[in-house]
Every structure is written in structure tokens, then in C-alpha cells.
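First comes the structure, then the notes that go with it.
Chain naming follows the written order as A, B, C, D and E, and within any one chain the residues start at number 1.
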Amino acid sequence: MVLQLIIASLAMGIVYGLVAMGFVLIWRAVGVVNFAQGDLLMAGAYVAFTLTELEGLPMPVALVACAAIMALVGVVFHFLTYWPLRKSWDMTVIISTIGASIALKEIATLVWGPAPLSVEPIIPGIARFASVSIEWQFLVTIVIAAALMGMIFYLLEKTYIGNILQATAQDQYAAELIGIPVVVATSMTFAISALITGIGGMLISPIFFVSTTMGGSPGLKAFAAVIIGGFGSVPGAIIGGIVVGVIDTFSGAYISSTYRDAIVFLCLILALLVRPQGIFGEKISDKV
Amino acid sequence: MKKMSFRKILSVSAVAVLGCFLSAGTANAQELKIGVVTTLTGEKALTGVYSRNGIMLALEEINGKGGVNGKKISVMIEDDGGNDAGAVNAFNKVLSLGADVVIGPIYSTMDLSMSPSIKKAEIPTLVIGSSNDIAKQKNPWMFQTRTADAVSAAAIANYAAKKLGLKKVAILHDTDNFASGAAEVATKTLEDLKVPPILVEKYNTGDKDMTPQLAKIRASGADGILAWSQLVEAGLIMKQIQSMDIKVPVVGSNSYVTKIALDLAKDNAEGVYSVADYVYSNPAPWTAQFAANYKAKYKLESEFNSAMNYDAVYVIADAFKRAGTNDKKAMRDALAAVKEVVGVSTTYTFDANNVGGTSVAIVQVRKGVPQIIESVRGR
Amino acid sequence: MLDIKNVHAYYGNIEALHGVDLSVGSKEIVAIVGSNGAGKTTLLRSISGLITKTGAISYNGEAIDKRSPRHIAKAGLIHVPEGRHVFPGLTVEENLAVGSVSWRGIGKANLGDDLEKVFYLFARLKERRKQYAWSLSGGEQQMLAIGRAIMGRPKLLMLDEPSMGLAPIVIDELFVKIVEINSMGVPILLVEQNALLAMSISQRAYILEGGKVVLEGNSKDLLNDVRVREAYLGKLKDSA
Amino acid sequence: MSPKNNPVMVLEKVCKRFGGVVAADDVSFELEPGQIRGLIGPNGSGKSTTLNLISGICDVEPGIILLDGEDITKKAIHERARMGIARTFQHPRLLSRCDIKTNLFLGHDLGNMRRASGASQEIDQSVDELLDVAGLKIGMDDSIKTLSYGQQKLLEIIRAILTKPKVFLLDEPAAGINTREMDRIRALIAIAIRNKAAVLLVEHSMDLVMSLCDIITVLNFGCVIAEGVPAEIQGNEAVIEAYLGRRRHA
Amino acid sequence: MTLQRKIFGLVLLLLLALALTLPFTVSNYMLRVCNMTMITYMCVVSLFVIFGMAGQISFAQAGFWGVGAYISAILTVKLHVSALVALLASGLGTAAFAAILGLALFRLHGHYFGFATIGVVMILNGLFQNWKPVTGGADGIANIPPFAIGSLEFASETSLFYLIAVAVIIISIATYVIYRSSLGRAFMAIRDNEIAAKCMGVNCYQTKVIAFAISGLYCGIAGSLFAFVSSYISATSFTFMQSSLYLVMLMLGGYHSLPGPIVGTALLMMLPEWFRFLQEYILLIYGLGVMLLMVVMPDGLIGGGKQALESYRNKRKGVANVAQK
């Protein structure tokens, strides 16, 4: 049973991690918490549904196409919610993302209807070993999400373009002075954020189905992950996501299956009080 | 789909506006106006669309045949936004539009929150929620058309223990009003049958990952699972039970044999038992005709929300026929006297507590289609 | 090369520069000195397009006063801001690589020669190339900020208070490098509070006070001008 | 120099480090009621840090600060303020989204609080009089955003005077303002002095410092490098070097 | 200026008088909407206190609202306490709860406090939903008796309207008094500049806790009234989403001054009712509208209006100045 729980919690955790990474990227780039992050997960799932079930694309193609479409969604999202408000107070952007969150759900309802939809898994069937029997999709989720995280991490940390994005996030003023096109950099960051979150949605959609409300709970839990992991830290988001996945699943099994959300958020508050900088803290100490 | 719904909106609002005009113009037109409170927006919007479909179909049929005693029936549909306060708002809205009778939402908590207003307004209201608490309100103006959970939950428990011979039953249920109430009844019934459940597990509406609960159920060695859920979760649970290799009979609530849940669960639903107010595959002529008409009109399978609301309109029509007037008091009395009205989901007879539904069916999914095994008469 | 005519600059409604004229020749180091709040930084910020202004700014005869900071950087006018503003979460090497963005865009490029140049100037950066910028000392950060600007292949380098907050010995070292950069053919516009230091390495100097140029001329001449001292320490009470 | 009467505030070997950087190193001086002490030095010499240490924004480590003979080194910022330390900031820290009235009343509130606790019994200085001295002809309901930078600085000084401070710390009041406003700052400081406040003035404008201060302390790299009356300071070689820098040996 | 003041006051009084005659001019349904709007308004004002004035963003308000509702429901239904006592207990109980919470959470600064309050509302909702012995779990609590003072019973929408209106007026006046008092100035000082506030003798930690407690008090009262108005409560009302909506209402109305919450709440509560005919499109338009309004008026309707007025005045002043010259 424990092994079963570990795999399930890892799969959930890594998806929380993807969404959490999405949060962190936007936070670092523009200093705003995106309240519509969970809805980007939902959008990814609907895009995946359209590509695989309606258009009948083969899985690998669908995966790439979904990534591309979500990146585009991210850019549009950037220009609708953030860009017009970049000069004003961050609260206004937050409100704008709340508005976007409502609108995204309703767009999904109007386009795809209110009924939940099911999506074929990438590898159908059930994996059985030892005392564990679990859908292959759980394992596929872990593998693809981890690979995606690795890729994004590599892109950000090791490549020139990633450095440009990071530089813009760390000091927009200096970035502007040395000639970085800040609009391009911030919209690219939004694109990556939407992309990884959307792929997260695509990965879990065969497991948990596609519905307009599917983003709510993962969105909030990923947010908890961001805080537990350390606000503003990409590795923190990943670790935080897995920690939340484990807390979520194991508290459901061993403490209370109905209070598991409450327990996750209690951990969030405790984490804040005990270690506000999170597990990973801010790599950049104080920007003096 | 988009276009369709927009046209529907136009037609609905046209009817509503027309209704207003008529009521203003001819005070004693004696036409019956049904106010409908249902969920069209927000997280629970799914049910509202089905409800509206069912109502509009019934309306078309009745008015197509010249109405009741030559008098037409009209509806006005208001959105409750899926929450308690919204339900009361929408209820008051249809009142202000001059409704003679109201049909309430499927969610019991919303019905319960409307109850005081119903009593105050003294307007006969048919609510679709199935919670046992509705009858406990003893609200003379509130009618629970649907068979109460007390009946269906007992039916599930009895079937599991007596017919399936299960000895170690695990219960899995949503923590919402309907499911937790039903689970209580089932537990009680099983205890009375001397096979108390060995495990009761819960989850919150909207939870997706049932691994912890199911892992515990599997570890407990249960020989059967009784489950009460909403639509999406029903699909999820059937799927996750299979993927975790739990090979025991599952007896679920109504949601488990809805087309939506079956579509979601696909093969995983095979063999699942359920108690149902309504299944689209019911061969009874009246039901089959409804299912076919519904499918022809909306291009999708009907499910119990549509059926319950469809029936509600017919129950109202029956009462209206006997009352002969849209007077609220007369309508109330006529509704209370509804007896053996055969609907697509059950036969309606309102008892002393204004509970109308009398029977449920035990169903099993065979080759992807729910088949009725037996009918259980509640009273 | 750089010509500034009658520039007025504003922060909101407040006028911070009251008509400044200034020019930088093609091989010069030009110093702008003055006390706090004299408008030195504002002047640099208006050249690099960060604030609204009126007046004419042209570079090699081309008007640049309407351009965005990015396009000004692209044209080769690179501004090393006060307070250094290195990218703290990037390594030294990454900071330098990002510095090349103004001419490179996002394409591939061979940075070998440029890096070589920076590391030749600031050997300390080479030692620390894998370190995160936040972990550097103040002097090293300043070197990195200048190095990053050099990666942008500047045609004019604008340095804002490079000596700020640094120990004297570090300042000495840094200013040697500034002269060296100039000798490589990069004209430099140097904003400094440390007036004597700035004037000792520059050919010409402007003294700013209250958003206006109050003195300008050859640095050598100004070095001994009593008015410079007055601009800093105030007029003696008895002479006031 | 005036004879030492009764210092209201004493700094004894106050130190502060940020990481490895020494921002204040054994800074000692005293403030006397009715006297203005200038605190000057080049950028980064530790002037603002010293103000922050006195007002409690930074923790002293180690060193002692006494107010009326009481050790306040470990007191919180607001406690120190309530004991009579008022300050202004280099960039005025007004309530940017409030009107002028609210800003001024904030000063009154602290004054009242202190009067209620018996800590302050100076003559009431009316807001109108202060505004008049400051030459601020402004509507009390106007938003702060309508004020110019100089007006904001004047308003911040008035707000501090309204708290009836025993110790009044001014951080570069003259930076970024014009000469007319400079005169008004002088007049406001004079009112504070009349109310027997001990003033500590951090300033770059030497005109203001030299003409206003009774005594001047010069800091460089966190250390006190000179102390004396203005005339002494102006002639001091170390001070000149600290300010203008050394010539580079070519 | 004084004339303007007088005119403003007169208009306000007129509006108030007009508002108080509402029960005679609108339908029962609209009255119910008004009642809910006023209850929501109290919660938005509570957010105005903690966020608009004191600058501490809180998502806990809907949770507090729930705490207030449950306190009243439990006291009247299970313990048969009189309604008036229950109302007071809701207000004070929620205030005390908020204060204790504040003591713990205000060790966090800025955004981090806001993040923690998200946890608070999630946990509270979990408790409402699942703590069956106390909150009734998913069944909620039904049959809450109508509000009554002695034998005077407030059962009809009209009587409830006046009851809530009294609470709204008291809370509005109280908030205005706080706004103009030294406490309010301390709040705003913290909001605008915490360091400056401390230097002006404001004990920031304590003051924030007070602001949080006041906001709890308002929400508690609003929750109690909600319980009496609906006579049935369940966990579904007291959600994170509801808290976000309060924030949206405050920000759209304008967080600078008291009219902001009024305008914001009225707009966002009434518009969906007026635009009911849009049916399933209403939420989409709502969401897009929020985004658009933020772009057009980032300071909210009141803030934006004021700015427009000010710039108009400045323009006139400018013209006058030029004329003088």
C-alpha cells in the first residue's frame, strides 16, 4: 500500500511541481501571483482533448502541438492580463488574473460544453508489480513531467536565452539598459509558464478527466507547493510540489481523507511561520 | 453546440418576456407559469443544462398537445450560480416574474436554503434534491419529487447484503449533503442486517485522487464497495477501482449509471451495480419514448437530471389539470393529492411529508449499457 | 560624437534638468561631477532613454532622443547604472554572455574574443567566472557591470558613480581599468562624485549643480579651480 | 564651542556591520538640546546608517545609545519614536496615498500620545504657523501626489516637528530642492531649536551645513574622522581629501 | 470647498433616504438582492479596513464571514440563545478569532501574510464542510430562527432590510470614524510606509492585529446576519473564491476611500442580477469586464473618477494660470 501511495503521490506531486514552476516563473519575471495558473492547467487539458480525441493526432505530435498552443496561450495571456497593467500596482494585475480565471473557465464551458470529457492515456492499461497496480499514465506523467522540468531547468540555467529571461526577471532596469527586449522576454516567460502548466494538464487529463473545474484544486495546491518550497525558487517549486503531493496523499491515507486539503494548507501556514523563505529560500538574498 | 444554446437562450428569454407581457395584459389568463431555479453558470453548470433540456422537452410536448385543459404552460428559468444564496436570489426572481409554481435545483443544500423563502412566499415548489433532510423540513409548500435517499440507500444496502451476499462491505462516499445522508442510511440498514460495513471512507466533492481511500479499502479485504458520488467522481472511482485491481462488486448511487459517468469510465464501468431513478436504456414504453425524443432533440443521451425535471413538469401538469386554476393554494392541494402519476423515472405519489418518488431500480452495467435488474418499491 | 543640446528632464511634474548642453568626442573621457542631487544621474538616464525629456540628443549626427533604451543600447551607447545592477542570480560568465545581447540578439555568436577582452581587463572575473554575481564583493560587482557593458561592444560607455561604496584601493584599481578601456578606443562619459579622481583621468569635465552646468572645461584647469571646491564644500561663511 | 551642558542623547562607540562591510565603526557623539550637529561625509560613509541606528531601523552591534540617560539600544523603532526621536528621510516617506491633513495629523497623533504619557509639554506649535513658515499654501484635502518634491520634504519636516521631538534627525533635507525652499527649511529647523530639540543634520549641501550647524562631525568609511565647528572643518585636510578624493598618481 | 462639502452631504442624505424607501419601491426579489448586497458590502468594508486602510491583503474574509454565520447558527439552533446575543457573539467571537490569528500571522510581512490567509480560508472551509458535530458537516445548519429582539421578529425581507441597513450604517459610520481617527491614520501609515509609520511611533504589529480584529468583527456581524437572512447555512458559501470576489469588488470600486466598497459591491452584486438574461454568458462577461476595468481604471471606479475630476480641475487651474499671466 505504501508503495502504491508513493507512486500516486509522486505523480500528483510532480504535476503540482509543474504548476508551481509556472507560478514561480511568472512571479520572478513580473512579481505577480497568477491566480489563473490552475486554469491554464485546465486549458492544457482541453487543448489535449481537442488534439487527441477530436483531431486524432498521435500522442507525440499532440504533446508537441499542445506545448506550442499553450505557449501561444501564454503570450496572449501576457498581453491581456499583465502588459497593459505593467506600470501600475501589482494588485491590479492580480485582480486581472482573477478575472482571467473566471473568463477561462467560462470560455471552456462555452466551447467544450459543461460535461466532463475523457482522454485516452498515452500508454493505456495498468502496470502491475509487487503489490502495486497503477495506471501506466501515472508513470508516464512522472517521466514526462520530470523530463519537461529538466528541459526547462536546462533552458533557464544553462542556455543563453534562459539567461536573458532570468536576467530580465532579476533586474528589469538593467536588462533594459543592456538592450534586452523586455516585452519579448516577459511574454516568453509567460509562454513557458503556460506551456509547462498546460502539459501538466495534458498529463493528468487521462487520469482525472477534463473538466472546467479541474484547475482549481491543483492550482491552490501548487501555490502551497510554491510557498513550502521557497517563493521564487524553481528547484523549490519542484521539491515543494512533491512535498505537497506526499502530504496530500499520505494524510489522506493515514490522518483524514476529508481534511487532506486542510492539512496541506495547515502545512502552508506552518511553513510560512517556521521558515518563510521556504525550503530553498531566495537564492538572491536581499536586492539592496 | 454554441449556436444551439444561444438560440435556446433567445427562445427562453422570449418565452419569459412573453410571459411577462401576458401576465401584465391579461391578469386572469389562467395560464400556468413555472419558475425554474437551476444552475447554469459556475462549477455545477452541468446539471442545469440537463435540467433545462428536460423541462423544455416536457413543455414542448404538453403545449404541443394544446396545453392542459386548453391552457398553456410557460417557464422562466433563472440561474442560481451553484450556491445557496444564488438559489434564493433566483427563487425570488422567478417569484417577482409571477411564477405560479416553482421547480427547484437538484442540489439539496440549495433546496434547503430556499425552504424558508418557499414557506414565506406560500408558493408550491417541487425540488429535485433527494436529501432526507428535505422531508424533515415539514414545509407544506415544498414537494420532493425525487425518491428520497432513504429509499435508494436502503435499496442499495439490501441488494448488496441480500442479493449479492456481501459480508464485508466498504462504503465510500462524498461528504456532501446527499451522499453523507445516504451513507448513514446504508450503514444503518447494513447494521440491521447484521453485516455492518467494515470501513467507511469519505472524500470531498472535487477530489480527484482516490488512491488513499481505495488503497485502504483494498487493504481492508472488503468484498464489496458501496459508493455515493456526484457525476465526475463516479466516473473517477469506477476507473480507479479497476486500475488498482480491486476486483469486488461495486454498488453505486444514481450517478454511476449516468451516461456521463459511463462515458468517462468506459470499460471500467462494466459490471457495476447501481441504484437508479432513471436509466436511458429502460425499455418501459413511456421512458423509452422520452429517451428517444430527448436524444433526437438534443443529440445526446438523457440522464436523470433531465428525467427528473421532465417528470416534474408532468407532475405539475397533472396537478394543474385537477386544480383547474393557477391559484397557488389550489395548486398546492392538487400537488399534495398527486397519486400514481407515472413518470419516466418513477411513479409519483406524494405522502404526508410531500415526498413523491416511490421507487428506484437496481441496475447493472452490461456491455456498457445499464440494464434494469429489479425495481424496488419504497413504500 | 555625442551631442546634447538644451535638455530638460522631468520626473513627473518636477524638472530635474534645466537645459543642459554637453558633448563627448570620439576618443575622450568626459567627466560629469557634482554633489548629490545635482542631476548627474538624471542626465545619464535621459541619454539612455529612461526618462522623458525635451531637447536634442544626437549620436554621430543621428537623433536618439526619441528612441527606447533598448535601441539606444543597440546603437552602442551602453549605460552602467549606479549601484551596478548586475544580475545576481546569474554567474559571472552568464552575466557577461547576456551583455552581448545588444548586438547579438538571440542568435548564436562566438563570444571568445569579447570574453578574452573582459578577462584581460579584469582578471579577477576570470577566476570567478562560475560564481553567482550576488556572491561577489562590491568591487568585483562593479567590474562585472563594466565587463558586461564591454560585452555589448560599446561605442560610448556611460559609467554612473563607479567608485560608490568601494574601498580606495579598489577605486584606484578600477580607474586604471577605465583609462585602459578608453585607450582601446571607447569614449567614456563618467559620472562621479569623487571629483578630483574623475578629473584626474578625464580630458574634459562638466560640473553640474541644481540641474545645470555651472562649469566646464579642461580637467587639468578645473582641478585647480577654487570654484570646484566651493561646489562641494560650500562657500566659506566669511566670503558668502 | 558651547559649554557641555546636558546632552539629551549620547552615542557610545556605536558599530554596525553589513556582511563584511563596516558601516559604522565606533561612532561616538552627543546631542544637546537646542543645538544642531551636522553629520557629513562622502557617499557611503555611514551617515544614513548612523541615523538608522539612532532611530532603531538598524540594530546596533555593539555600542550604546542613551536618550535622557536611558539605554535605548534594544528598543523598537516605535518605542524610540514615542520617547521623542523624530526623523525625516532622504526621500520623504509620506503617506503617499493620503491627503495632506492625514499626514500632518500623524505627527499630531504621536505628539498627543507623548503628551498623554507626560513625555512632552512643549508649547503647541500650530499647524498653520508651521505651514506659513514653510510657505506651503496648500489645501489640506489635496493628495500628496500634487506636491512637488521640495514641498514634500518641507511637509515631512513639519510632520516631525509636530511630534515635539527631543531628538530631531534630518536626513539630507536640502537634496533636490531649490534655494527658496532651502531658506524655509532653515526657518523650520530654527523652530525645532526654539522648542529645545537636539538636531542631527545629515546633509550634502555645505552651504546649509556650514551656515546652520553649531558643531560638525565628519564620517568616512564609518569612522569619525573629524569633529569641530564649521570653520575648522572647512580647513581640515582630511575632510577635503575625503570629499574631493585623492588625485590619482599618474 | 465647504459648499461642495455641503452639497456632497446633501446628496448623500438624499441617496440614503432614497435607499431607505427601497422596500416600498422594489420587488421582494430585488429586496433580497439588496439584503445580500448589504451583507456582502460589510465583508468588503472589512477588507477595506485590513487591506484598503492597513495595506495587508487578506483572503480570510469569507472564512470569517463563515465563522460569524456558524457562531450564530450554532448558538440559536443548538443552544437556543437569543438572536441578539448570537449576533453580538458572532461579531466579538469572530473578532477574537481574527485577533488570535493575527497575533500568529502578522509575524509574516507583506505578501506572505496574504499567502497565509489563503491557507486560513481553505482550512476554515474544510472545517465547515467536515466537522460534523459542530458545523453539521455537509448538511449545514437548517432552521435558524428569524432574528428577533424580544418579541419583535425580523422575518420579512422588508424588516430584514431595515435591520441590515442599520448594521450597514453603523459599520459605515464606524469605519469613517476610524478612517478619520489616529487609529485609521496608523493603519494608513502602515499601508503607505511601514518604516515611516514606526518612526511616527506606530506599533505596527499591534496595529495590524487590531485592524485584522476589526475586519473580523465586521465579517462576524455580516455572517450572523447572513445566517438569519437565509435561515440555512452550509459550507458552500464560505470559499476562497468568495474572498477573491470581495477583493475584486474592493479593487473595482476603489480601495482608497469608503465610497469604493459601496460602489464596487453594488456594481458586482447588482449587475449579474440585471444581466440575468445573458444566462450562461454572464460569468464570461463578468470575468472579461473585471480585466477590462482594471486596465481602464487601475485605481477603481472611485479612484478613477477622482483622478478624472482632479485632472479636469488642474486643466482649469492651468487655464486660469495662463490667463493670469
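Keep in mind that, in the parts below, contacts are C-beta pairs under 8 Å (C-beta built on N, C-alpha and C of every residue); 3 or more make two chains touch, one makes a residue touch a chain.
Everything numeric in this text was worked out from a predicted model, so none of it was measured.
Asks: So which chains are sitting against chain B and chain E at once?
Replies: Where chain B and chain E share a partner, that partner set is A.
Asks: What's the fewest number of moves from chain C to chain D, given that each move must go to a chain touching the current one?
Replies: 1
Asks: Most remote chain relative to chain D, going by C-alpha centroids?
Replies: Taking each chain's C-alpha mean as its centre, the farthest from chain D is B.
Asks: State, to the nearest whole Å, the distance from the C-alpha centre of chain A to the C-alpha centre of chain C.
Replies: From the centre of chain A to the centre of chain C is 42 Å.
Asks: Could you tell me the distance, in whole angstrom, between the mean C-alpha positions of chain A and chain E?
Replies: 32
Asks: Please work out the Cα centroid separation of chain C and chain E, and write it as a whole number of Å.
Replies: 52
Asks: Would you kindly tell me how far, in whole Å, the mean C-alpha position of chain D lies from that of chain A?
Replies: 50
Asks: For chain C, what residues touch not just one other chain but two or more?
Replies: Expected reply: no residues.
Asks: Residues of chain E that touch two or more other chains: which are they?
Replies: 126, 129-130, 280-281, 283
Asks: Taking the top-of-page definition of touch, could you list the pairs of chains it picks out?
Replies: Contacting pairs: A-B, A-C, A-E, B-E, C-D, D-E.
Asks: If you look only at chain E, which of its residues touch chain A in the complex?
Replies: 57, 104-105, 107-108, 111-112, 115-116, 118-120, 122-123, 125-127, 129-130, 240, 244, 247-248, 251-252, 280-281, 283-284, 286-291, 294-295, 298
Asks: In the complex, go through chain A and note every residue touching chain C.
Replies: Residue list for chain A touching chain C: 160-161, 163-164, 166-167, 170-171, 173-182, 283-285, 287-288.
Asks: Over in the complex, which chain A residues touch chain E? Could you list them?
Replies: Chain A reaches chain E through residues 33, 35, 80-81, 84-85, 88-89, 91-96, 98-107, 109-110, 220, 223-224, 227, 231, 256, 258-259, 261-262, 264-266, 268-269, 272-273, 276.
Asks: Which bits of chain C are touching chain A when the two form their complex?
Replies: Listed in rising order, the residues of chain C that touch chain A are 48, 50, 69-70, 73-74, 78-79, 81, 83, 85-90, 94-95, 97-99, 101-102, 106, 132, 134, 148-149, 152.
Asks: Would you tell me which residues of chain E are touching chain B in their complex?
Replies: Interface residues on the chain E side: 27-30, 32-33, 36, 126, 129-130, 132, 137-140, 142-143, 155-156, 226, 230-234, 236-237, 272-273, 276-283.
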